[in-house]
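Next come two complexes, and both contain subunit A; in the first it sits with subunit B, in the second with subunit C.
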Partner chain A sequence: MNDMSQDTYVTDDGRTIGGVVMEMKNITLRFGGVVAIKDISFDIRQGEIRAIIGPNGAGKSSMLNVISGFYNPQEGDVFYKGKKRPPMRPYKVAQQGIARTFQNIALFEGMSVLDNVMTGRLHQSNAGILSQALWKGRAEREEVANREAVEKIIDFLEIQSIRKTPVGRLPYGLKKRVELARALAAEPSILLLDEPMAGMNVEEKEDMSRFILDVNDEFGTTIALIEHDMGVVMDLSDRVVVMDYGKKIGDGTPDEVRNNQDVIDAYLGVAHD
Partner chain B sequence: MEQSSRAADGLGSIPALLQRNAKQFGKKAAYREKEFGIWQSWTWKETEEEIEAFALGLLELGVSEGDFVSIIGRNRPYFYWAMVAIQSIGAVPVPVYQDSAAEEMAHILSNCGAKYAVVEDQEQVDKVIEVQEHLTDFRHMIYIDPRGLRKYDHTRLHQYSTVQDQGRAARGKLMSELEKRRSKLDFDSTCVMLYTSGTTGKPKGVVLSNRNIIKTAQNTCEFDGLKAGDEVFAYLPMAWVGDFIFSIGQAYWTGLAVNCPESAETVSSDLREIGPTYFFAPPPVFEKHLTDVMIRMEDAGRLKRSMFHHYMAHARKVGPAILDGRPVSLLDRLKYKMGELFVYGPLKNTLGLSRVRVGYTAGEAIGPELFEFYRSLGINLKQLYGQTEASVFITMQPNGEVRADTVGVPAPDVEIRIDDSGEIFYRSPGVFVEYFNNPESTASTKDTEGWVATGDAGFFDKNNGHLRIIDRVKDVGKLADGSMFAPKYVENKLKFFPDVLEAVLFGNERDRCVAFINIDLTAVGNWAERNNIAYASYQELAGHPRVLETIQEHVETVNKSVAEDPMLSGCQIHRFLVLHKELDADDGEMTRTRKVRRKIVEEKFSDLITALYDGSPEIHTKTEVTYEDGRKGSISATLDLRDAKVVPVATQKVAAE
Partner chain C sequence: MPDQLVFGMEVFLNGLMAGVLYALVALGFVLIYKASGIFNYAQGVMALFSALTLVGIMEGQVPFGHIINAVFGTEIHHFGWHVPAFAAILLTMGVMVLLAICVQKFVFRHLVGQEPIILFMATIGLAYFLEGVGDLMWGSEIKKLDVGLPQGINSAIDEATLGMFGYGFFIDNLDIVATLIATLLVITLVIFSQYTKQGRAMRAVADDHQAALSVGVSLNFVWVMVWSVAGFVALVAGIMWGTKSGVQFSLSLIALKALPVLMLGGFTSIPGAIVGGLIIGVGEKLFEFAVGPLVGGATENWFAYVLALVFLVFRPQGLFGEKIIERV
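On to the complex of A and B.
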């Protein structure tokens, strides 16, 4: 690991990519007799945008759920910041600095955008019950600090105008943005995005891509994302893992992946002679 | 006119007024801006420090006297400070519309030979970099928001706060230079250069001196009793002369506070939180507010709705009279008080207009019903008539003499004359110095005695001495039978309907009038929702038969009302169509200030006009559109052409005699 972490480089657009921050080693995940992920290894480097792509049912979301601690693989290990991670509950993983968004939006519909994003800060509050109830001392200080952090994110994602709007009233594209805001509020070092652009129109996709790049650039957040839209993936990511039927069939820069014959066969479905 | 170049009390420039305000109102708020969810505020003392730091930073960058520095961004305190800082070192600020296309921006920046630019964020930085190759002597760019700009080459690119820091660090070295340059400023130095919106041809740079701005600010502040402690809401484009007068001229003259919204989308909630005492909005903004209110009332419960209608009817009856201080019976007053409690008060609060002491509208004629609506609520909304070339004010309505169909009496120190063709001319201390580098245009607009042609036709109302504007001189025409064709008059009547966003009337030199109509997506969309009408696009909604029926009813109502005026009864609409796209500034069909460019619309849609006149029941058409990012595309549609009932004009004989 040590030689890897010194291996930093600068991308064409001037971002610095650091060493490996997370490594998946020989992961196998089964649901009864179904093998969702079969012996997959790959790594995620500090500061990069890493995509996981593949056709429907390839095991992409399962892979993300392994990273986020929602599933525990039967075989293989997850190394985080150089240390082997024991099986742990998702909230513990979140406390370690890994935040995520969901494919089918999991926000509190009846709560305002602001309150939803504030929930992303919950694990940063340490005030006791009494302090919370009386709204004095630590609880108050923490709330002010949390609100300040949340307002910066609201400003960053340009959702000031819907700050007080109940999430249930928002259109789909904005809900996705609110979910991103909530994940960012946790100040994650790794951000997992599960199909951030699914179901969006072209303009919403462009906006979302912009925000993903900006988050990566501004906060230096490492981003792992699953995406269907090949065009978006190739434009955004530094490196791409390609999965098919639970197996890894390609890994590399967008250009490498694009020219990988296995990937062309499996994913793009183009016949070759 | 003999005028000294030194103003009384040495207050001959905006930077001089700043120093006075910092002394006199040091602890009063000068600027507020909502950011990160709370209102950040700066006192006059702090403002002076911020401006001084930026001015010194500009000196450090090498800005010389007479240089043009363009300002591109939305209303933010930083930009207002930049303008005054630029003035302090003898350079000239040139605010530019931030949403102008690269081509427009290139014209303006190269026309004035801007050497520096202060811009908001990455988007504007990119735009300026794009046009930079057309500029011969461009040197440095300063941005406020660093987001996304870290990787850019920073040899000629600087962050606003860094420039200020460098200025603060160089204070000892450069302060004497700043003082030297600042003390040179007088009434004749250039205060600002603003570009016209370019309704006709390319935008021209209007040079306004300190005398223009400060004298005008002084006169008009006294006219309306504006003073320190008043609050103005700065949300209209900074490149527009009105914003410059309100947020710089009048603000620095009186020491009133300028409030900037958080973003373009939060304007209405920010307005509500601030509750300005001095407020300006062009008619479309008031129209939009009214439309929103009406939509919300339609959706409200029965009790609320009936209360609203009951008390609004009463307000229409006595509200304006109470506002003007005319006699009203005790009972009516009592009922109005009740209405204030139940309806008017909460409504004004929702609109953010509870505290408005002086409100103005201008830019185009306002529908009388719309105007009366606000007046009847007890909001002192008045009209003014102005131009960039006049430093805004030509005429304005004094308190208590407000009418929907006039624009008021000449503003203090303004002389007005109307020539034989009906065109209005004015002369005042606010009259612009010149069009930059354009002596021909200057000469054709301003004569040697200082009279300026407005291009508007109008006359003084004999009863009250107020000016009435008919239309642009070039737009007023004649129908084939010789009767008057005044398109705006009819269009404004149509636009009062919440469903109608825009209307364009044709009929000059023709035997009858026809019209294009744009529906208002908010209002019609809401109506469609309530009536279970499904639609997938603007185009589909605009072509829906039931929408067309509703619009037809509106057109026929307007025809009835137009027929009542014998002079203009010929302008009734015989046929009309609802356009399949919104008229848009990006397509050149409107100016950035949302005025229809009649000629362009007429050329672009000539096939539709022909079809309206030849009686065909429908037409297939294809229209080119430009997207916000400059790409082009086209939309095609089949439009229904409809006949509208017109009122036979019985009075025609009388009129002909």
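On to the complex of A and C.
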């Protein structure tokens, strides 16, 4: 990484964007003969909201899965906090401070909302098993601290009223919010959101957008999100990567991207020749 | 007090004790089923295997003695030492953890995401494999297991009831010990799964693999842990049953008695396994006592299964099973 990338700047609305936390370098991902991602590079900076957009099948979700360790790319390197990251299993990636949500929601349906969010803090506790069982010393302090942090997030996302409800009984929009709460509970360095607005009505979309902005503003969380709905993304994000057919066709501020001819073509469906 | 009632009380108490032993086996099933969705047919064989190993270690038997002798023409059977019971139990636990690691590494790791029926078939294979390995390692003759648990009639209860009803109850000391140990075991397991980080991780994995990965839980680690805990429960059950009726092949068949217990209690509930075990234990003993003479006896063979069948009709998720929530 060069020195330029470490520069910090202040956005129009007064948030400070720091240096590069994560850099993807020449990532190529293949499934058999199918190339899902072709030689893509981009970076994510501290404190920003970074969007990855593109039409369906562009390889956005694959890219998110590469970042979160669910897929390991055949070529290219991932740099995290300045260090090259070796191929890694998803749970290790999560332990390193990269939390995520899923497009199709992956929650613990049988557990209550509170328990679900508490699992987000699993790797925040280091007390010995005996200490935990006896509820003494370190375990007690950790559990109390964990509960406090979790309650704060639950308040923040306005899901206090359903704290004790089993997640299986919740409607779709609330489930999405609980999943966001669980990811936030891990106090991630980078929060990955896989189509946070998919399948929502306008009102729910507005709520979710507000929560994403608030999370970023309040906790300073770095957020990388995927969306295929361009309108939503342009209002939310600081910088946007545009993908099409596994390739990067644009990268920059929403305004830059909006005026990029390749991006317009991809979205309006100009014949590829 | 009429004689029938007094006898009935004795039968009831003995039924409770028998129920505790059923519950012990059922517990092993519940643990693995909860955490991995695998119905572990091999649980009974695991109890047998752990009891065999325990006896073998205590007696200083040479593992795979028969094969070694056959191949090298030697005549070794024993190392010539005896290991104290407590140390032997610890060593056996080590063997069960090793077994858990192997089961995960060589079998279930390769079957992640497969249909439940395939996982079930794998455990049947595992059961026969383990049975064979147990025989090869320690021989197939019936063995006596004595880890120093008290056995025989409890004279205090005998005398007290003799004074009260004019008839002394026969309650086996071993059953009393088994009850105490089972209670302790269950309390430990509940605390473990509800209040520790590892327990929470276990419940997370049981619920959703992908979600568990995304919050930093290693599936492999949790599964090895679960199989180890199930191995530990199998060992406790193996010690109890082995002390009671000798370490022999039929020990593995107690797994079949655990099935109706599970249907009553629900496959996913630890308290369910306990209550289910007690109901079956008491139910079959009382039924045999009350109805047995009228129908020519031997009702204990089928009572539990019929009761389970009735439960399947009216409450398929069992007494304490997780409610089946369906959203359309």
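Quick notes on this structure:
We take it that the second predicted complex is superposed on the first by the 265 of 273 C-alpha atoms of A that agree within 3 Å, B and C clash if a C-alpha of one lies under 4 Å from a C-alpha of the other, contacts with A are read in each partner's own complex, and residues count from 1 in each chain.
Please note the rule applied: contacts are C-beta pairs under 8 Å (C-beta built on N, C-alpha and C of every residue); 3 or more make two chains touch, one makes a residue touch a chain.
Treat the numbers as computed from the prediction; the structure is a model and nothing was measured.
Once the two complexes are overlaid on the shared chain, A:Glu151 sits against subunit B while remaining clear of subunit C. A simple residue count on subunit A separates subunit B from subunit C, and the partner touching more is C. Applying the stated contact rule after C-alpha superposition, one finds that A:Asp235 touches neither subunit B nor subunit C.
In the three-chain superposition model, subunit A touches subunit B and subunit C at no common residue. Interface residues of subunit A, counted against subunit C in their complex, comprise 68, 70, 89-92, 94-95, 99-102, 106-111, 115, 118-120, 122-123, 125, 127, 129, 132-133, 135, 166, 168-169, 182-183, 186. Listing the residues of subunit A that touch subunit B in their complex gives 13-15, 147-148, 151-152, 154-156, 158, 160-161, 163, 214, 217-218. On the side of subunit C, the complex with subunit A involves touching residues 188, 191-192, 195-198, 200-201, 203-204, 206-208, 210-219, 322, 325, 327. Residues 35-38, 147-148, 150-151, 262-263, 265-266, 269 of subunit B touch subunit A in their complex.
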